[in-house]
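Next come two complexes built around chain A: one with chain B, the other with chain C.
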Partner chain A sequence: MRIDLNKLMKLNKMAKEGAQNVAYNLSQMLGIDVEMKVAKIEFVDLSDVPDVIGDREVIGVYLTFQGLPSGFLVVLFPTKSAKKITNLLLQGIEESNGDGFSEMDLSAISEVGNIITSSFIDGWANLLNSEINISTPQTVHDMGSAVIDPILIQIAQQYDNAFLFNSYIKAKNEDINCELLVIPELEKLMEAIDRL
Partner chain B sequence: MVVKILVVDDSQFMRKLLTRILESQPGYTIVGEAENGVEAVEKAKQLNPDVIMMDIVMPIKDGIKATAEIKGLGGQTKVVMCTSVGQEEKMKQAIMAGADGYITKPFQGPKVVEAIQGVLN
Partner chain C sequence: MTPVRVKMAEYIVSNSDSILKTTVGSCVAIGIYDGNGIGGLAHIMLPECNGRTDLVGKFADTAIPAMVREMEKMNADISRLRAKIAGGAQMFTLPSSLAIGERNIEKVKKILRKFGIKLIAEDTGKNHGRTVEFHTSSGRMVVKRSEKIIAEL
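On to the complex of A and B.
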């Protein structure tokens, strides 16, 4: 499927709105200035997603969203970026656990993933003046394929394509990389984009 | 009067964060923590808190069912639901189950205090 330039421009606007909402809510959570930028958007076949994600260790947080539009959203943090998040969040709460991830580290990353995924979709809902309900985010710490494959198996019958929003978050001079993988019901997404 | 708070959340980090926010404020004391709805009901009976900060989605028993049970006990405990954006449907169910107020994540100290004072007044 091809997406025309006008629709891509509108999708870019949705991504910016989602990222701004994420930055605002993370800033509230951390009590410091946070910036989030979407550096690149890729439109890929679902079958190509594992190759695009690669097989590195990541922490993934995923949820489903229902409304206009509907679909799946996964945020993936490379472990180095996940560690930067825990260092920011757990200052004064718990000592750093070296390079590994304690139960508290994973709990903190899960909450950040929760804020990012729900804020990103909420940014879309605000822009589209639409009601979008989201499921409770789930967290997985594993190799990229082990995080993505079970999700793809669940949804391969219903979905054909995915958008990958390659993003970075800047907080307290730390650059945190993350990838947002949106697997939409494409017809509903196009209907939503046409509203803009 | 010191307000007795029970913090209920399956996230260890969120329990710690809420505890840290409230312990830095005068007039509040954390009397206990619970990580699911079953523990929440038990601790509500044992500790008789003034306010419960209750997460909605938890394993074993969710915050909505726990709130309904706690309200069914007939005490004076107020329940503040803690929710994420985009969970309006669950919030409606929680209000129908007897929740007295709500707060949306991410939490900030002043908003937490405001939510607690809102249900106590």
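On to the complex of A and C.
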């Protein structure tokens, strides 16, 4: 595969477009100032990804997207941040119940994950003028590296490497952050940036 | 002793009483040892290599033979090899992730049988991740979930 610098610049534009949408929509939803700290693209060995994420405990929201491009997406919330988000969203609805996560907590996190995801993907769809459909999100509470593992396996059936769109989202005044990882299918991604 | 990390799609064999560590979801951690000081841990992603000869650590059907060969080079007692495995979970229930964990486990067991390696213990399936620490010399395998021990094999 050959990729020219010009295409890499286009990829970067795509990442930024998605990230800007996320920050805006998330600020609206949570009523706090949210910023996208990093929006970077890396060409990675799949086998390097788990170590980058580490074994820390997270709430992961996972989904797939179909269209131009297709691929996999996961939002990782460190448990502390997840707890803060549920407190923000479920204020007055649910009593805080210590360290664990109730069904309602998880569904609130899933909703935030959904906003992040659809904002990001909508940014791409707008830029590419294409239709991209998003699956129903699934939420899982586990170690980060284990959450990402099934996604890497899916890609590994065809490839050993991937473009990883990695964004770090942070609330300005609250101790809330999360990480967004998007891995498009390589061929579809190339097809998509040819459109730009 | 500080554990040595085995990366995804890799394996490590040791003859110096090491602790090897890895974290798996739907992937499978395979610990093989001869009980006489030589042992190794693999972290496979997929059941079959389909003819590929590079990245042997990525597939069950290439990683296990490669480990056995390396243990043989270290003068391991091949006839006494035993195995313990962990992982192969189904982390999500999306149709696209159709039981890859289960397929991984099945294939690992099949290859172990083929090589006459006795499967001593396993902690597999379910829907959660596992951190595995494998003691190459004793064959002890400790399975943790977010730092809490959930199984000792």
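By our rule, the second predicted complex is superposed on the first by the 163 of 196 C-alpha atoms of A that agree within 3 Å, B and C clash if a C-alpha of one lies under 4 Å from a C-alpha of the other, contacts with A are read in each partner's own complex, and residues count from 1 in each chain.
As a working rule, contacts are C-beta pairs under 8 Å (C-beta built on N, C-alpha and C of every residue); 3 or more make two chains touch, one makes a residue touch a chain.
Bear in mind the structure is a predicted one, so any value in this text is a computation, not a measurement.
Asker: Quick check on the superposition: with chain A as the shared anchor, is it clash or fit for chain B versus chain C?
Answerer: Pair status: fit.
Asker: Under the stated touch criterion, which partner chain does A:12 make contact with: chain B (first), chain C (second), both, or neither?
Answerer: After superposition on chain A, A:12 lies in contact with neither partner.
Asker: Thinking of the overlay built on chain A, is A:91 touched by chain B (first), by chain C (second), by both, or by neither?
Answerer: A:91 contacts neither chain B nor chain C.
Asker: Given the touch rule stated above, what does A:146 touch, chain B (first), chain C (second), both, or neither?
Answerer: Only chain C; A:146 stays clear of chain B.
Asker: Could you tell me if A:103 is touching chain B, chain C, both of them or neither one (first, second, both, neither)?
Answerer: first
Asker: State whether A:158 touches chain B only (first), chain C only (second), both chains, or neither.
Answerer: neither
Asker: Once both complexes sit on top of each other, what is the least C-alpha distance from chain B to chain C, rounded to whole angstrom?
Answerer: Minimum over all C-alpha pairs of chain B and chain C: 11 Å.
Asker: Looking at chain A, which of its residues have contacts with both chain B and chain C?
Answerer: Of chain A, no residue contacts chain B in one complex and chain C in the other.
Asker: In the complex formed with chain A, which residues of chain B make contact?
Answerer: 11-14, 16-17, 20, 57, 84-89, 105-108
Asker: Hey, which residues of chain A end up touching chain C in the complex?
Answerer: So the residues of chain A touching chain C come out as 46-51, 55, 57, 62, 64, 135, 138, 140, 142-143, 145-150, 152-154, 156-157, 160.
Asker: Report the residues of chain C in contact with chain A in the complex, numbered from low to high.
Answerer: 5, 7-10, 23-27, 45-46, 55, 58, 89, 91-94, 96-97, 100-101, 127-131, 145-146
Asker: Would you pull the chain A residues touching chain B in the complex into a rising list?
Answerer: Residue positions touching the partner: 25-26, 28-29, 31, 65, 89-90, 92-94, 103-104, 107-108, 110-111, 114-115, 118-119, 121-122, 125, 131-134, 136.
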